[in-house]
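Heads up, the next two complexes both have chain A, just with different partners, chain B and then chain C.
After this line comes the complex of A and B, so read on.
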């Protein structure tokens, strides 16, 4: 997969969040917390992670998921690949 | 004794997306049965079914749909209608609100779909919502959560008697003083390869594939099995004083109910309808009315060779020769766990409107049929009391008796 910019990753995440959790794409920004700001509960987060792995071709181990508190955290993790 | 009344009705069925359109279809004698054109159905012995006319995706938001099995989606839709119809609102005391909602089979299609994902993509891809989607108490739990019910959420599972049984449990819950209001009903959505192949292997299903609309024909000499249907029905049951205090419209009284078991066979109905008959008797006894007042029975009548005629014996023995019968499965197909609720709604509407919906396709009555059936055309009758019956695999029998308020 070609290198994606942070903006492209964020947009891809926004698509996933809209699809699995009904999050408005306009609300998806680096500083937003998945649980506090976007109402993504733990089960929905499982779906987000699986969809992100598929979309971006990365592995996100379960113990890493706990560290992904904000959209920015997730974008950075995926950016590192 | 505490009197339990019905104050709200909701349904989504193969005849309509709500009670009004379903009732209109029933009275008009419209069949909801269609040919299944999907590829998965083409090898099945029975390739016909009564599908919902309003898909849940037209009613519920997309994310909601993703997390609910179809049986839960329609449980929610029917219950919301019943809730709104009853004029209930959030100021209800939730500790006095119960839910009794069942499904015959539950989230079987979710199970199959997720098993495909497990096989093809591995365990990490299995949806985290799999278990709440396939558990048989799922529809009850989803309805309970929606309204914040805290008096108890119960999920009877007794195959095709499920939602008649649910109504009985809900009435008992109110009579026992555990709740003032209870949402009762059932749903089923298993039009899919495995459930239909299983029923077909039992030789329980109609194979009249070339004539879908004529396939479900209770009491007709040419009946050859039931037609699979999907749908949900919900009723709001309420303690009479509670309903009157808030000025609610009262459709009917749940005057009595009877629940028995055959102790006979896992799938065959008792040909004498002993257990079914005892359920009818118990309902009449609890209601404390004369059996002559039971003017109508919305019968279980699935269009299977043995079951249809067995029930006739039960009705004759326990109620008499006077009631006008109908088999609305001739139009809706067999809604399995949803049948008792949808047919109880039809029974209540018959009582309210004074109209008994027809049994369609009764062209050549079984020679042993010697009771009056509203054959092929709706029948106007003034009713005081009307009964719905439901019998399920496993030998479960339920009879619910409704009277005018």
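After this line comes the complex of A and C, so read on.
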């Protein structure tokens, strides 16, 4: 996959968050916490991760999911591939 | 000896006592809203202190036997699926047979946790196919509240007690025969659901189980339909293990069911009852009368082990 910019990754994540958890794309920013700010519960987070793996061609193991607290964390993880 | 076996009757039993989400909110830090949104459960049934797994099994089995039109003398095999029976010898199957007056059956307990009923049904089906049994009682029975950690708010909201049973007998009609079981396990993932000697309560890694169930099981369920020679969109009903409403919906989303296919969601009123959940949900579904006789119903159990098993049966 061609290298994606942080903005492109964040936009892709926003699409996933909207579809899986009904999050308004305008609310998706690096500083936002999935659980506290975007109301994504632990199971919805798994759905987001599974969809992100498919979309961005990365592997996000369960152990890693707990470290992805904010949108910015997830963008950085996906950016590193 | 028959070319196969078929389900001829069903029965189920749930204890009288209902535990609602509001009741749970008085015991641990939780709420009706939290539980319904996370797992889709509104209430569950709780067995009495002195009610054992065998007692629940007997109630369901007696109803299935009555509905079959046969008597205890016509049964020559009893298989009980359970992960929560505290008594290990005699096994639950012998206790059930004795209570019902079934004199000399082959009597087996099967423990594959939440897929236990499908494994048990496969045992009965094979025994009938090879001529070692003619008519079997297959039961899933659980008292999960006896292995529930009531201080663990993430798990104690999930579980309930109950039992479901079927009578299975030989058939030479391939259309009606139970399909060959598709079964297996993921032993390398065993640690994600446990009830062990040092911690004798159900402990699970919820996110890992959720990911496994919602991403790995749909293709296995398609295999079950393939082995039965039935298309997914021809199924009249889908009765998966009632683990969590979001798992059931997550799996269903990946399968091409017809609009008329009934997807069992008994978990809403019964909670997760492990090996009892499929026969319990199935018995209620058939009792409601919405499934035509002879219509294909896909059963699929999955859980601790991580084990899984499924087959297609025809509505009695």
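As a working rule, the second predicted complex is superposed on the first by the 81 of 81 C-alpha atoms of A that agree within 3 Å, B and C clash if a C-alpha of one lies under 4 Å from a C-alpha of the other, contacts with A are read in each partner's own complex, and residues count from 1 in each chain.
Keep this in mind: contacts are C-beta pairs under 8 Å (C-beta built on N, C-alpha and C of every residue); 3 or more make two chains touch, one makes a residue touch a chain.
A quick note: this is a predicted structure, and the numbers were derived from the prediction, not measured.
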### Task
Please tell me, clash or fit, for chain B and chain C sharing chain A in the overlay.
clash
### Task
Could you look at A:65 and tell me whether it touches chain B, chain C, both or neither (first, second, both, neither)?
second
### Task
Figure out whether A:22 sits in contact with chain B (first) or chain C (second), or with both, or with neither.
first
### Query
In the superposed arrangement, which partner chain does A:4 touch: chain B (first), chain C (second), both, or neither?
neither
### Task
Once the structures are superposed on A, label A:47 by its partner contacts, choosing first (chain B), second (chain C), both or neither.
both
## Note on the structure
Among 20-28, 74-82 or 110-118, chain C is struck only by the chain B stretch 110-118
### Task
Touching chain B in one complex and chain C in the other: list those residues of chain A.
43, 46-47, 50
### Query
Which part of chain A faces chain B closely enough to touch in the complex?
20-22, 43-44, 46-47, 50
### Query
Quick one: in the complex, what on chain C touches chain A?
37-38, 205-208, 210-211, 214-215, 244, 246, 250
### Message
For a test of understanding, state which residues of chain A touch chain C in their complex under the given definition.
### Response
41-43, 45-47, 49-50, 62, 65
### Summary
Interface with chain A, chain B side, in the complex: residues 61-63, 66, 124-125, 127-129
